[in-house]
Structure formats: structure tokens, C-alpha cells
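One chain, subunit A, appears in both complexes that follow, with subunit B as partner in the first and subunit C in the second.
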Partner chain A sequence: MWLFALPALLINVFIILIPAMLTFMAAFVIWDGVGTPVWAGLANFRHMFDDPVFWSALTNNFIWTAIFLTVPVCIALVMAAALLMAPRSRVVVQTIIFLPRILAVAVTGRIFQGMIFSPATGLVAWLNERGVSIADPLANPDLSLYAVAAVDIWHWWGFLAVVFLAAMRQISVDQIEAARLDGAGFFALLRYVLLPGIRPTLALMLILTVIWSFQVFEFIFIVTRGGPAYGSEVLATLAYRHAFFEGDVGQAAAVACVMSLFGLCATAAYLWLQSRDSSHST
Partner chain B sequence: MSLSRRQVVAAIPAAAFAAGLPRGPAVAQDGRKVVTFWFGQANSDGQAALRNDLVEAFNASQDKYLLQLEVKGAAVNNLLKIALVAGNGPDIVQTAGPAYLTAIANAGQVLPLDDFAERYKWKERFLPALLNTSVYGGKLYALPRDYESMHLFYNKEVFSQNGWKLPTNRAEFEQVADAALAKGIIPFGAGNADWKGVNEWLMTVFFNNVAGPDNVRKALAGDMPWTAEPFVEAVDLSKAWFNKGYFGKNYFSLTIEQSFLQVVSGKAAMALSGTWSFGTKSYGMSKPDTVMDVAPVPGLGAAVTAPLVHLACGATLSIAKNSQNPEGAAAVFDFMLSRKFYESMNRDWPGKWALPVRDLPPDMLKGIGYPLFEKTIAGLHEAFGKGRYGFTTWTFWPGATNSYLIEGIEQVWLNRITTDAYLGRIQTLFSQEAKDGKVPPLPPRTA
Partner chain C sequence: MTGERWSKTFSLALIGVASFGSLLPIVLAVMNAFKTTVEISTNPLALPTRFHWENFASAWRNAALGPSLLHSAEVAGLTILMVCVTAAPCAYVLARQQGRGWRILTFYFMASTTVPVQLYLFPLYFMYAKLGLVNSIPAVALIYTAMFSPFAIFLLRTYVLSIPFALEEAAQVDGARPWQMFFYVILPMMRPGLLTVAIIVGLNAWNEFVIAVTFLQNENNITAIVKFYNLTGQYSTDWGEMLAAGVTIVLPVVLVFVFLQRRFIDGMTAGAVKS
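Now for the complex of A and B:
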């Protein structure tokens, strides 16, 4: 039987476990990526904790997580519930809201950067020409993180809505109709019937959101490269900068370890929830 | 044929062993030995020039080697490092300049070129200022592919319509910039939305043209701290100009091309940009009726009384340690030093392959019909030959210091940290990198 698990196990060992172990080991050496690594003990972690940019990047990861645990989830839940109630328009609307998800991240990033936010070629320029004074949020270090988050939310919420809708369709129709007969309105139905009905799916998506939020890289790197003035820097872009611009692989690995730590916590929370649910159901 | 489970298991270590064996030189169908070369970014004009003027011309010039070039894009530096460590890189290793070469050369991932240099007389042919940026421990590890400098590009029609003269010092610069602002013209077209390195282009000018190249050289040699007064003045001036709006309101939103085109269209008066700008055809600088003109950047501080060019090597060429065909790679390098290649490449892709070679004088470019480019290259050739130049950050600053120089200056300009904090951090990073031997070699001051 173990032979059936062998391919997956080998892939996991060679593609995930060994690189993860090597990254962990790299956090304890000074290495420029091409020369000979030199043992450094905890020096990389000390430098990391002394670096104010690390703390602002970590804070930005927390802000990003908070945004993605709320804004797209709320939009997606409302849309999924609405689609559940309106089966005739479901196929068309699902296709439209899912469309951003299939666009390449680089394309989405460039569309927003050049066609929406740009003061030379975008919607911002068009509004300014018509007397609406508005600045490019990507150029403001206090707003750039939120502006990139808006781009990612546009790309992400439709996928969430489709996942939530699929889960809601597993809820018994009788239960929904009974709630309606009892006079439940849209939000009461969502709150007391649909949300409890999709709780496992919702928990999984929230946990995955936490993990993905600490790994976020592409949108930020493409749209702002973490700037301006580190305003949208997150741990992944900081690690990339250390590894590939500064030639400091050890420092990058230390940052990557912190990212993994949050991912591990989220995974542990998910496993705990799962074991609690299965013990309740037995 | 069916294999038993044991045979499959036994084949795994054999395959792994085979993968680790040294590679023989790849041989083309016609029996020629293949030379591989990874190139970074190239626009469509550049790719055509690489194909026609380098690959096809080299392959037609002899019958021993076959050059195969791949354009890898912006990530080539990262790909190259990983490939070299894995022993699978190309034969010809091109880096983005001495600052990138340092780590690779120190790690022994490229071959010393001294034997080839003697055979092909490269040491006699290249300008020492450029060649010495690739000498580590007395050994030559690379050839400079080009020379670059920051320059002042300006719209001569805007200047003439407003009665402005080309500034020769800081006061005149600020006079023109203030007059431009008063007329609704952006003094300097500038934008870093697509390339944060624009920050270091500007800081190269401020450090050298305010603090002076001698002070910069002292700091790079470790004889003066980056926190010294001349550098404080340089950073403060950059901040003052940024906050006065000299670089426009949309510095963080515009791309390099958009911002330069502001100058061409007259929306902006000037641009502080590099000689690579000559290679972008949309700027129209090669046309006889161009509105643009170019000059070295004037002094901006008491330490600099004359216009200054800045020594930069935009790319280096080496041979990989694991190359199976170093002879072929050296033959490609020598082909690049031919007059025919120099003329055709500079005609088809100006500014990208201006080889700093003594016996390829810039007056050879007269035939290509690009007077602005020709006069600029002639100026660089003379200044670099005589040792009169400043130092560009992307050529002489070590990696971590340079990365912070680029990122941190935005914090200064946006009032998030002080000049002292910025320079203090630069000094800390530089000291550490100097201790680790990561500072690229400094060229001699005279030819």
C-alpha cells in the first residue's frame, strides 16, 4: 500500500521538505548565494529584529491579513447568498465575477497600475483632467498597501464567492425554505442558516487566507515593489530584496522562517478545529 | 521492454550519478562547438541587433564555434547565480556590472581571463578605468561591455523659447528650475514606477556633483565616512529639490519612458538620465530635427567646479568556471572588439554596447547618423581615458548598501527619516560589506 503514497511522498520530500530544511539552515549562515556559507548562529535573526523595515513589513502583513479576512469574505458571502436566491442569473454572474481570477497576476497588476491609478494614462488622469483632484494612491506610502490590496481583492473575491456558493448549495433546501416561511429576511437567512451551514468551508478559507496573507508577494512586487519608502513592504518582498538585491541569503531565510511560523500557526489552528469538529461529531 | 521494480530502483542512483558527471562541450550538427550566452533585457530593436550583429555575424565569421544566445529578461541575474552554483550556467556570464560580478568572482564561479587577455592583447586595448573594475586579487575576471554615465538631457526649444541658458552651477540650475515651475513646466522629467533604480541615478548625480568625486572615492576606499558633511549636503539638496517639486508631482507614478517623453514633448525642461537613453527610439534623439540636446551634469557644490561625467560599467562579460568551451567564449569576446561589430551594434542599438576600447575611437560612430550619441560617447571616452570622472552607485557600491541607498532615499524625500539616519545606515552597511570584501575594486584615478 505504501507504494501508492510513494510518488506524493517523494514529491513532498524533495520539493517541500528538503528545500524547507535548507531554508531553515540558511537562516543560520552568512551566504551571498554563490560563495561558501559561513556559520553565523543567530546573527541573522538579531539583524532582522534590529531592522525597522522588518517590523513595518510584519505590520503590513498583519494589516493585509485583517483586510483579507474581512473585506473580500464579506463581499463574497453576500454575493454567494444572493446567487443562491437567484438561480436564473447564477451562471452568467458566476462567470463574470470569476473572470478576474483567471487573469494572470502580472496582467491584473499592470491594468490597475496603468489604466486605473496612473496620473498619466489611467482613470486618475481622466478624473484630474475633468477637475476632480485625485492623486495616485500607489505613490503615497500611507495608502499604497491599501491600493494594492484593492487590486488583489478585485482579483480574489469572485473566487471566494464561487467557493461559498458551492458550499451553500449543499445546505438542505428545506432548511432554507423553513427559515423563509418563518419570516427570515436576506441577512437573517445568511446569519442564522447559511453561515452555520458552510462553517467548515468558511473556516478553511479563513485559515488559508491567513497562510496566503503571510506569503503575499506577486501583486505587491508587480505594482509597487514594496514602496514607496517601504510603505507596502511585506515579509515576502523583504526576503526577496535581501536574497536577490542585497545578496544576503541568510537574512532572507530568517525572514522566510518568520513567514513560515505564521503559516504553521494557522495550519495548527486549522488542524485543531478539524479535530475538535470530528470529536464533536462522534 | 518492461522493467522490474528492482531495476527501476537501481536506475535512480545511476541516473543521479550521470546527471552529476562533467558535461562535454555541446556540438552542433555541423560539428561546431556551441558557445552559450544568456542576455538580460532587450527591447525588439535590441533583440534584432543581438541576432543580426552578434549571433549571425559571429557564426558567419568562423567555422569552429556556434554562438547560441538566449534573452532571459530582467531576472537574468538571479537565474545566473542559481545556475552557476548548480554548475549549469552558460559559457558566457554577463552580469549587470562590477557590483554584481564581485560575489561571483569572489566565489570562483568565473575563470580568470589573464591568459586570454595576454593572447588577445585585451589589457592594452581596454581603457584601464573600466578594465580595472573587474580585477580581483590581481586577476582579471571580466571585460567591460560598455561605458555609461549620467547626463543632463534637455529640450533645447523649451530653453530657447524661455530664454534660459544651460546651467553651469547650482544657482543657475535652481534659477532655471524655479522659472520652469513658475511657467507650469516640470523642471526635471523623472519617474521610477517601473524601475526603482532611478533613485540611484539621481543619487549618483547628487553624491558626485555636490560632494565631489574625490570625496566619493575616499568614502568608497574607506577613508571617509558616508556621514561626513559633503554627503549630508548632497542628500539634503536631493530632498530640497524633491520637496520643491523639481521632479514633478508624479515621480512614483510615471515610468522612465513616460517621464523622459515629458521632456521631449516640452511638458518638462530637463532630465537627469543615463547614456542608455540614446537606445530608446521613441525619444527621437537620433533624428536631425530632434528638440533634445545633452551635456554632462554641471557641478552642484563647491567641490565641483566643472561638468562631470560618472564612470559606469553597465555590464561585464566573463567565462563560467564550468564552461566546457572557454576558447569559444573568448573568441566571441574578441569578435566583439572588431570594428565591424562596434559600428553595426552601435548603429542598431545605440548606448548598449559602447565598448571602452582605446583603438575603437568614438569618431568611428560618425557614419551612424546620431550626432548627440556620437558627441556624448566622445566626451566619455576622453574623460574616462584621462581619469576625470565620478563614480556611479550601481558600479561601485556593494549590494546591500546600494539596495538601501535606493530604498532609503525615498524615506528621506518623504520625510520619514532624517538625512543623518539615512547616511548612518549607509555607513553601517558599507562598513560591514567592506569588511566582507564586497566592495568592487576602484579604478586608478589616471589613465
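Now for the complex of A and C:
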């Protein structure tokens, strides 16, 4: 029977597990990826903790986590409730709000740069010409992280709303009707009936959000490359830069280890939630 | 207005605003893909006065989109094949076998989906470089297989769980061996699941960025996404041509999505909805 699982397992071990363990070891050596690694003890970590960019990247990861635990979740909850109450538009609207999720991030990033944020060709330019003076937020180190987050939220909330809607539809119709007859308005219904009804799904999505927030890479790398002036740098882009632009694999590995450490707690919660679930269903 | 009518009107207003927000950047991109750069910078929100199809022609030529779309299709096709071949039997045993070892294996696959790419990317790259596997499309498809097969395993596992065990018992009584059971009883029942897996894995492979940009670096194997990324930048000047290239790359995905949206949505939200 083991033979059935073997190909999938071998590929996974070769591509993910072994390199992951090598990363852990590489964090303790000085290595450019090609030559012979030299033992360095904790030097990579010391160096990392002395680097202000590391601390601002870590802070940015926390900001990112806070944003994604709240903004897209709130939008998605409200929209899922709205779709629940307007069943006739559901199929079409679901398709529309899900669409951003399936577009390639590289293309989405460029569309936002050119069509929204660009002071020459975007919405920003259009507003500027009509007397609303705003600058390109991607060029501002204090704003670039939030501007990229806005792009990711655009891409993400529709997916969340569809997930929440699917969960809300499992709540018994009687319960919803009863609350309505009691005179519950839109937000009361959401707060006292729908939200408690989808709690397991909500918990899972929040845990996954924490895991993903410490891994965020694509949007930032594509839209700002962590800039300007490291303003939107996060751990994943910092590690990538260390490894491939500066040829310092040991340093990159140290950052990757810290990054994984933060995700690990959330991963433990995720595994606990999933295993509890699978022991129910089998 | 009664409370219920008010809720309904409010909902419809929200839906309108949200749909507009989701569509606006896409509509702007498509619209401006047909305009000249001068027209775009004069007013990005204006409709094109004339359809400049030549943007698409020059994007196709300058970006060498033909070959790079072909590479994307190769990577996606190979990945789909390898994921289906390895995940289907694995899903079968994980659904049917009990015991500690199998639980650990399930756990392992689940944990591997939460590992950040950066935790294995760097040694993997230098390992690949040493083995001469950088710039090889099958080698990249192998990485995707490792990344996407846990998703496939868990999706297919739920299909196996829904197959009545009596079917296998009957086959067992007839003396079927495990592999016969898999091929003649389980696999046919898994078919709709395999189609969903193929669609989602194909989409992920087509759109993937980090691995592709790191491992594929020359014209003979670069995917459309990487080609597009390399050609364009924050300070691009020819937005008409650039948007035309972007629309061309995204179009196949959007077409498949519109026709098979139920399957896309079910596949991508699978496992996210708890009861």
C-alpha cells in the first residue's frame, strides 16, 4: 500500500523537506551558493539583528498581518451577507468578484501601477488633472506598503466573500427567517446570526491569513521590489534579495528561518483545527 | 420602507459598488490596451476612439508571446500530468488506510502546504544549478508538482471518502488486487475530482511567478508571465502595448474561468468551508 503514496511523498521530500532542512543548516554558514560553505556560528543571526532593514521588514509583516486580518475580512463578511440576501444576482456577482483571484499577480500588479497609481497614465493622473492633488503612493516610502496591500486586498476579498457565502448558506434558513421576523436589520443579522454560524470557517481563514501574511512575496516583489528606500520590504523579499542579488545565502537562510518561525505557530493552530476536523469526518 | 426591504436595497447597493470596484481595473486595462500611449495619458478613463489592434500585434512580436505562451502551456500541462498521476493513488490510500503511519503522512502533506517558498527556494536553486536543472521546463514542473500535489491529494481524498466501501468489498470478494481496485473501481469514481484538480493546478502553474522567475531565465524556456514581467516595469512607457500583452496572457484563463466557473470556485474554496 505504501507504493501508492511513494511517488507523491518522494517528490515532496526531495523538493521541499530536504531543501528546507538545508536552509536551516545554511543559516549557520557563510555561503554564496557556489563555493564551499564556511561555518559561521550565529554570525548570520547577529548580522541580521543589527540590520535596521530586517526590523522594518519584520514590522511590515506585522502591519500586513493586521491589515489582512481586518480589512478584507470585513469587506468579505458584509458582501457575503449582502449576496445571501440578494440570491438572484448571486451567480453573476460571484463570478465578477472572484475574477481578480484568478488573474496572474504579475499582470494585476502592472495594471495597478499603470492604470491606478501612475501619475502619468493612471487614475491618480486623472484625479490630478481635475484638481484632486494626490501623489503616486508607490513612490512614497511611508505609503508604498499600504498601496501594495490595497492591490492584494482587491485580489483577495472576493475569494473570501465566496468562501463566507458558502459557509453562510449552510446556516438553516429557519434561523435566518426567525431573526428577520424579530426585526433584525442587515447588521444585526450579520452580527448575531451569520457570524456565529460561520465561526469554524472564519477561524480557519484567519489562521491561514496569519500564515500567508508572513510569507507575502509576489505582490510586493512585483509592484515595488520592497522599495522605495525599503519602505515596503518584508521578510520574504529581504531573504530573496540576500540570496540572489547579494549572493549571501547564509544571511537569506537566517531570514527565512525567522520568517518560518512566525508562521509556525499559526501552522500548529491550522494542523490542530484540520486534524480535529478530519477525525470527525472519517 | 420595511426593515426587510431596506436590507434588500442596501444589499443590492453594496453589491453594485463592490462589483464596480472589482471590474474597474480590469475594464481600464482592456480599454486602454486598444489605445495609443498619447491617448492613455490624455485621459485613461476615456473610451478608445478607434481600436488600435496594432498594440496586440506589436506586443505579440516584441514580447515574443507565441513561444512564451507555449512554454507556459508546457509547464502547466506537465504539472497537471504529474500531479494527477502521483496524487490520485496517494489520495486513495490516505482515505482508506487507518493507523499511525498514515496519519503522520497526512499531517506531513498538510504541513508542507504551509511552508513558505523561501524556506526551500535557496538550497533548491543551488542544488538544481549543480545538477544542471536550471532552465529546464520539466524540472520546474517537478517543483510545481511538489507544491500543488498536497492540495490535489486532499481534494481527491474527499472523493474517495464519498465512494461507498461496499464497492471495494465486492471487488475484494472477487479477488481484485489493490492496483486493480484502484484502476477499475476508484479511478473512474474520481474522474470529476481529477478534472477539478487539472483546472486548479493548471491555473496555478500558468500564473506562478516566484519559481518561474528564479528557475527559467532564457528565451528558450521562459514562461509568458516571466516574459511579461521582464519586459515591463514600474516606469514602462508604452502602456498600450504592455496592457495588450497582459490581456493576451490573461485571456485564456478568463475564458476557461467564465465557462467553468462553478468548478473553479468549488475547487479553490474546497477545504476552506467548514461545517
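Keep this in mind: the second predicted complex is superposed on the first by the 258 of 282 C-alpha atoms of A that agree within 3 Å, B and C clash if a C-alpha of one lies under 4 Å from a C-alpha of the other, contacts with A are read in each partner's own complex, and residues count from 1 in each chain.
Here is the rule we use: a contact is a pair of C-beta atoms (placed from the backbone, for glycine too) under 8 Å apart; a residue touches a chain by one contact, two chains touch by 3 or more.
The shown structure was predicted, so the numbers you read here are calculated from the model rather than taken from an experiment.
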| item | value |
| --- | --- |
| When subunit B and subunit C are modelled together on subunit A, clash or fit | clash |
| Touched partner set for A:Ala236, first subunit B, second subunit C, both or neither | second |
| Which of subunit B and subunit C A:Tyr270 touches, first, second, both or neither | second |
| Partner chain in contact with A:Pro141 - subunit B first, subunit C second, else both or neither | first |
| First, second, both or neither for A:Phe244, with subunit B first and subunit C second | both |
| First (subunit B), second (subunit C), both or neither touched by A:Ala104 | second |
| Superposition-derived comparison: subunit B or subunit C, residues of subunit A touched | C |
| First, second, both or neither for A:Gly35, with subunit B first and subunit C second | first |
| Partner chain in contact with A:Ala120 - subunit B first, subunit C second, else both or neither | both |
| First, second, both or neither for A:Val132, with subunit B first and subunit C second | neither |
| Single subunit C stretch clashing with subunit B - from 111-119, 129-137, 147-155 or 201-209 | 129-137 |
| Doubly contacted subunit A residues - partners subunit C and subunit B | 33-34, 113, 120-121, 138, 244 |
| Sites on subunit A touched by subunit B in the complex | 30, 32-36, 113, 117-121, 135-136, 138-139, 141, 225-230, 241, 244-248 |
| Sites on subunit C touched by subunit A in the complex | 3-4, 6-8, 10-12, 14-15, 18-19, 21-23, 25-26, 28-29, 32, 37, 40-41, 43-45, 82, 85-87, 89-90, 92-94, 97, 105-112, 114-127, 129, 142-143, 145-147, 149-150, 153, 161, 178, 182, 203, 206-207, 209-210, 214, 225-226, 228-229, 232, 234, 236, 239, 242-243, 246, 249-250, 253-254, 257-258, 261, 264-265, 268-269, 272-275 |
| Touch list for subunit B against partner subunit A, complex | 77-78, 81-82, 84-85, 103-104, 106-107, 109, 193, 196, 249-254, 258, 399-400, 403, 407, 410-411, 413-414, 416, 436, 438 |
| Complex interface listing, subunit A residues touching subunit C | 1-2, 4-5, 7-9, 11-12, 14-20, 22-23, 26, 33-34, 75, 78-79, 81-83, 85-86, 89, 93-108, 110-116, 120-123, 125-126, 138, 154, 158-159, 162-163, 166-167, 170, 180, 183-186, 189, 200-201, 203-205, 208, 211, 214-215, 217-218, 221-224, 235-236, 239-240, 243-244, 249, 252-253, 255-257, 259-260, 263, 266-267, 270-271, 274-275, 277-278, 281-282 |
